[in-house]
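Okay, so subunit A shows up in both of these, paired with subunit B first and subunit C after.
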Partner chain A sequence: MTVIDTSSPAPMSALRAAAVVVLIIVGFFMPRLLGGGSVAYSTLTTIAIFAVMCYGVDLVLSYLGEVSLGHTLFWAIGGYAAANLSVKYGLNGWSTALAAIALCIAAALFLGMVTLRTREFVFSLVTYAAAVVAYEIAFNWDAIGGSDGVVGIPALILPFGFATFSGLSQEDLWPVAFVLLLLTLGFIARFRRSKLGTTALMVQMNPALATSLGVDPRKIRLAVFVLSAPITGLAGWLYGYQRGYVGPDMFESYFLVLMLTAVVLVGRRILIGPLIGIALLIAQQNLLSLGGDWNKIILGSILAIVLILWPTGLVGLYRRFGKINSSK
Partner chain B sequence: MNIAQQIINGIVLGSGYACIALGWTILLGVARLVNFAHGQLYMLGAFVAWYAITRLGLSYPLAIVVAALFLALLGALMQGAMMGLVMTQNLTSLMIVTLGLGYVIQGGSALIFGGNPHTFPGTLVRAKIDIGPLWFTWQDVLVLVVTLVLYGAVWWFTQKTRYGSVIRAVAEDSKLAGLFGINAQVVYLLVFMFECAAVAIGAALVAPRSPILTSMGFNEVIMTFVVVVVGGIGSIGGALAAGLGLGLFTAFFGAFVAHAYTTAAAFALMLVLLVVRPAGLAAK
Partner chain C sequence: MSKKLSLTTFALLASLVAPAAAQDIKVGTIFPLSGGAGPDGQTVTNAVKLVVGQLNEKGGLLGRKITVISKDDESTPAVGVSRANEMISEKVDLVIEGWNSPVTLAMQPILARAGIMDITAVSKSDLILSGETNPNAVRINSSNGFDAGVIAKYIVEKLKAKKVAFLTQNDVYGNGFQTAVEAEFKKLNFSGEVTMTEKFAFKDTDFRVQLTNLKSANPDAIIVTNSSNSSGLPAMVEQYRQADIKSTFVGAVGIMLTTVFKVAGDANNGIVSADIFFPDLPPFTSIPASTDFVAAYTKAYGVAPDKSAALGAAAVQVWAKAVEATKSLDRKTVAAAIRGQAIKDTVFGDVQFLPNGQMQPRYVVFKVVDGKNAKLEAIE
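For the complex of A and B:
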């Protein structure tokens, strides 16, 4: 569709590269531009972390066209890996990140393999059930924190050989969150042009064509699902360090609804769509909050209304209005 | 004697699982639709029945009817809003929309009913029956009887009546059914209303066994998934058998292995079955 056509597979022009560099620089100094207070830093760090979390779901929902309801599981795996390994074994950030990635891939492989030969809604059903069941296990298993979770997560330590990064405050964590977001965006952009990315789109748009070309849609689903898990997992990993506490609340359906809403709000298959979506949603919750229960109603309603009324998201809505105006 | 008591507990639990899963079985099997707000609808059904008893002063049987009617109405509203997605069989969006609506129901219920646990008065939960060392309650008998009657009625309605064939025709090919003068929209609407009313009845019968909270419902969703998948998707007799079997499994697992991990064990059971017989279980 048109949304895909706009991202030309041709190499970036010099102008475009320059624009991207300027955007990255402006993005990095964004907390300064917003006043430089600790609220600006913590809000933008949260947005960056949550955006990375959403990109895991984005990969599955936008490019594969299937629904994973289990990404809170990977989100929590990242957090629990960071918490348990840093508190109990004093491991540094690189080790806990590697562990988070490995555990997420293992969990996604397991769930993907189990549902490999089933129909699509069974995949959604199993991923949803997996997250609920993992919550129950995390809640009852005292060795990994139990119902109290893990408190007192130390500062994020990232040794670089020549120097060691130590992130204790929100100001310190902002560069890490920003770099993680950039890496994720780069990865998604690369994925969109990759063979797997285009094949996944073909499976979604024209399954008959894909099958006739010898593509096994189920294997593509498994590959994309496994690829998406560590993205959300790394977001959970950083979230653990940011909050200094990890508990069973990471499994809450709030995160699941948030991920899905951020992806569909702006429009699927748009590179920076989830980032803008999550920024809008976090801004609503932080600046225009009406209390927890009302926020639930707002978030759930946005998700339902967007999919029912404007399935192409805000971008589709904008285009439709543009069309109406130009046809006058 | 512990074994005999666990068998009774299993049947008690299982009839509850089967009762709660009936609506999902019909929705998925007969209309090929899904509803991820199932757990929150269960919670809401329980709270509406509780509200009808404690605040409106209705009797328990009347409260069950009120809960069923209220949720049927809510189901009609939900399905009316989602009709575009239903008619295009957009299962991906339907899953997400129902999930979002479930989240709205959860937030709305917490606003209206508050965050405190409540207990049901006026039910048969305390009416205990002792047979030697074994015991169960009249509420358990009620759940079992209602479940069997509902399953029997639904099986007869979908398999033996003209209306049942109409519903199955719409599920098979809604456009073709339209050519024969069947209004598919009305059929989908009625099936979805039935799913909501059925889960309300299940909630009003099963939930009084323990205090109710607006955050509950997740456990029931997992058990419903297991019942539907293990029973063979859409099979009414299969769902009843799977419900009772799952009840026995969780009763024994909870009593002899680990009570805290019964849901996890039920989920593991479903995964094993999905690997062993994916086509047999997924195919209608």
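For the complex of A and C:
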């Protein structure tokens, strides 16, 4: 267990806690700092939602060492739950969120059981197949939207007992997206120090050791996979409200490539890695866009280059250069 | 950051050099400019630019020049939403959008919430005009319901068919079209019967099983929906001829595009279909606004404009007429001058809009006489 213990960070000092608080405050007012325009709000809200979407994949990729190509499924479940339940049954945000979480857990349990014995390539393939099947179902099943999707999603309503939050515009939804991002970051930070997180890492790094310590790797894998699903699902849930429209495009490879690239770009097992990764990618697409074809080529190339040349991401690259410099 | 900076600098310089520039009316276009639908989106965008250029030559609109800002939605709803947000920040006065229905459906609420006038040029989904995504929606392209009406009318009144079969693409588009045609049959008191329905998937390219079944059923007409006009439909046309089926191939509205003629050539001969714009068929050859546009477009881009180009051109013309009539750029005012109103002198002639924002289409039913050269002959 010593291997694992060293990886868990020391308890937070007062200074560090203060720094985190300052970062949170700066983060919350970020749209204002960037001019407060509708593009600042919509871009940052999108980044926050997409970052949460990525953290689901990050959990599986960083702590199980597996590439899930099926997380678009959970992303879409979140969106479809929000859309169908709010449009057809007029349910409020809490109910649709709970439904999204429950459906994601159910789907992840099923998919996790099926893929329990699969590793690496086969795991990726089976999760991908699941997403393709789900796409076909969503595309052809008129009751949940069919190929046209669901329109007319109302404002996000969140009753708090004493007051009711109602968010329609990007400005309104920014606090929700920001809080969801904070909760996700908090959850991931806790997970990294939890018994499940450390054991998962041990199962990935040294399966023989884990087994000899009486750990059942399959249980751990299933638990982490099931935990990851509602994270991506909740992002899809909020995305449904933000866009006001949910359709089978939520299964598109656009989101899949975004998730994977954002997670590996900065480096695995870095808490704010996916957040920085997705911010860089969205900034490139919106501010430094080279046109549709080139953007896809760039995104694909980044993913390939990072995976082939620097599997440890930008942080690994920085460390490597750091080593070269210090050895001089 | 540097791009933003340079843009600001540029805007600053521009405002110093030409104070009038700030007064320009801005028209935004959001269509796919890359990927598979890229060439189609380019066509619509080019048509918009051409018509805006023509308006500027005549002194612009409300005494102001018009500039076009065109963006690429990459056929992806998520990207379309980003582009719509950029249009909002650029404070455009009009957005002309929509090749794919899902992209349109995703952008509509964003633009509507920001109070920006939005005209859908091509996307056909019925949800676009439902009022839920945009209470002031306007669409130029025909709807599935109208399309079904013209096809049913041809089958019942012109072909006087007794036995009809469907070869239907198994999705919302194909099944929806079939349901609508069957409903129209009822309205027209169709005395014949639908003897067979065969289905296939959008991506299919081998239809021999379905065609063999259809051949043995030997109906008078086979109504075909197939929106895969670059691969599936040409293959279907070829296989239809190889199977030597005697029934009339009746194509759904708008599926017989240049790519089908290019690939399947003379196998297209005898196919009957309908559409809402042709550069070289009556009545369009006698509509001055249409002949002017066809000449200008051919001169500018080297090819005759197709229906998509006409839809883009009409979007600008309709909006410009409404702005001139109301002397306003306000979304609700302009939309009210279009929805339920008649607009004169567009590439489609004098057109009427329904209260829900749908432009009433004028169809031409045609027969393919020389597929290789895409020569059509109007029926009626």
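In this section, the second predicted complex is superposed on the first by the 316 of 328 C-alpha atoms of A that agree within 3 Å, B and C clash if a C-alpha of one lies under 4 Å from a C-alpha of the other, contacts with A are read in each partner's own complex, and residues count from 1 in each chain.
Note that contacts are C-beta pairs under 8 Å (C-beta built on N, C-alpha and C of every residue); 3 or more make two chains touch, one makes a residue touch a chain.
Predicted model only: the values in this text are computed from it and were never measured.
By the document's definition of touching, neither partner reaches A:25: not subunit B, not subunit C.
Looking at the superposition, the partner that touches the larger set of subunit A residues, subunit B or subunit C, turns out to be B. By the touch criterion stated above, A:43 is placed in contact with subunit C alone, subunit B being left untouched. In the superposition on chain A, A:213 contacts neither subunit B nor subunit C.
Of the two partner chains, subunit B is the only one that A:128 touches; subunit C does not reach it.
Of the two partner chains placed by the overlay, only subunit B lies in contact with A:114; subunit C stays clear of it. Of the two partner chains, subunit B is the only one that A:300 touches; subunit C does not reach it. Shared-chain residue A:65: touches subunit B; no touch with subunit C.
In the superposed model, A:17 makes contact with neither subunit B nor subunit C. Once the two complexes are laid over each other on the shared chain, residue contacts for A:183 go to neither subunit B nor subunit C. Subunit A residues 140, 292-293, 295-296 lie at the interface with subunit B in one structure and with subunit C in the other. Residue ranges on subunit A touching subunit B, taken from their complex, read 61, 65-67, 69, 114-122, 124-126, 128-130, 132-133, 135-137, 140, 253, 256-257, 260-261, 264, 292-297, 299-304, 307-308, 311.
Within the complex formed with subunit C, the residues of subunit A that make contact are 37-39, 42-43, 46, 139-140, 142, 146-149, 151-153, 168-170, 243-245, 247-249, 252, 254-255, 285-288, 291-293, 295-296.
Contact residues on subunit B toward subunit A in their complex (touch as defined above): 34, 36, 81-82, 84-85, 91-93, 95-97, 99-104, 106-108, 110-111, 218-219, 221-222, 225-226, 229, 260-261, 263-264, 267, 270-271, 274-275, 278-279, 281-282. Interface residues of subunit C facing subunit A in the complex, by the touch rule stated above, are 1, 3-4, 32-35, 38, 72, 74, 76-79, 81-82, 85-86, 88-89, 101-102, 105-106, 108-110, 113-114, 125-127, 130, 132-133, 170-173.
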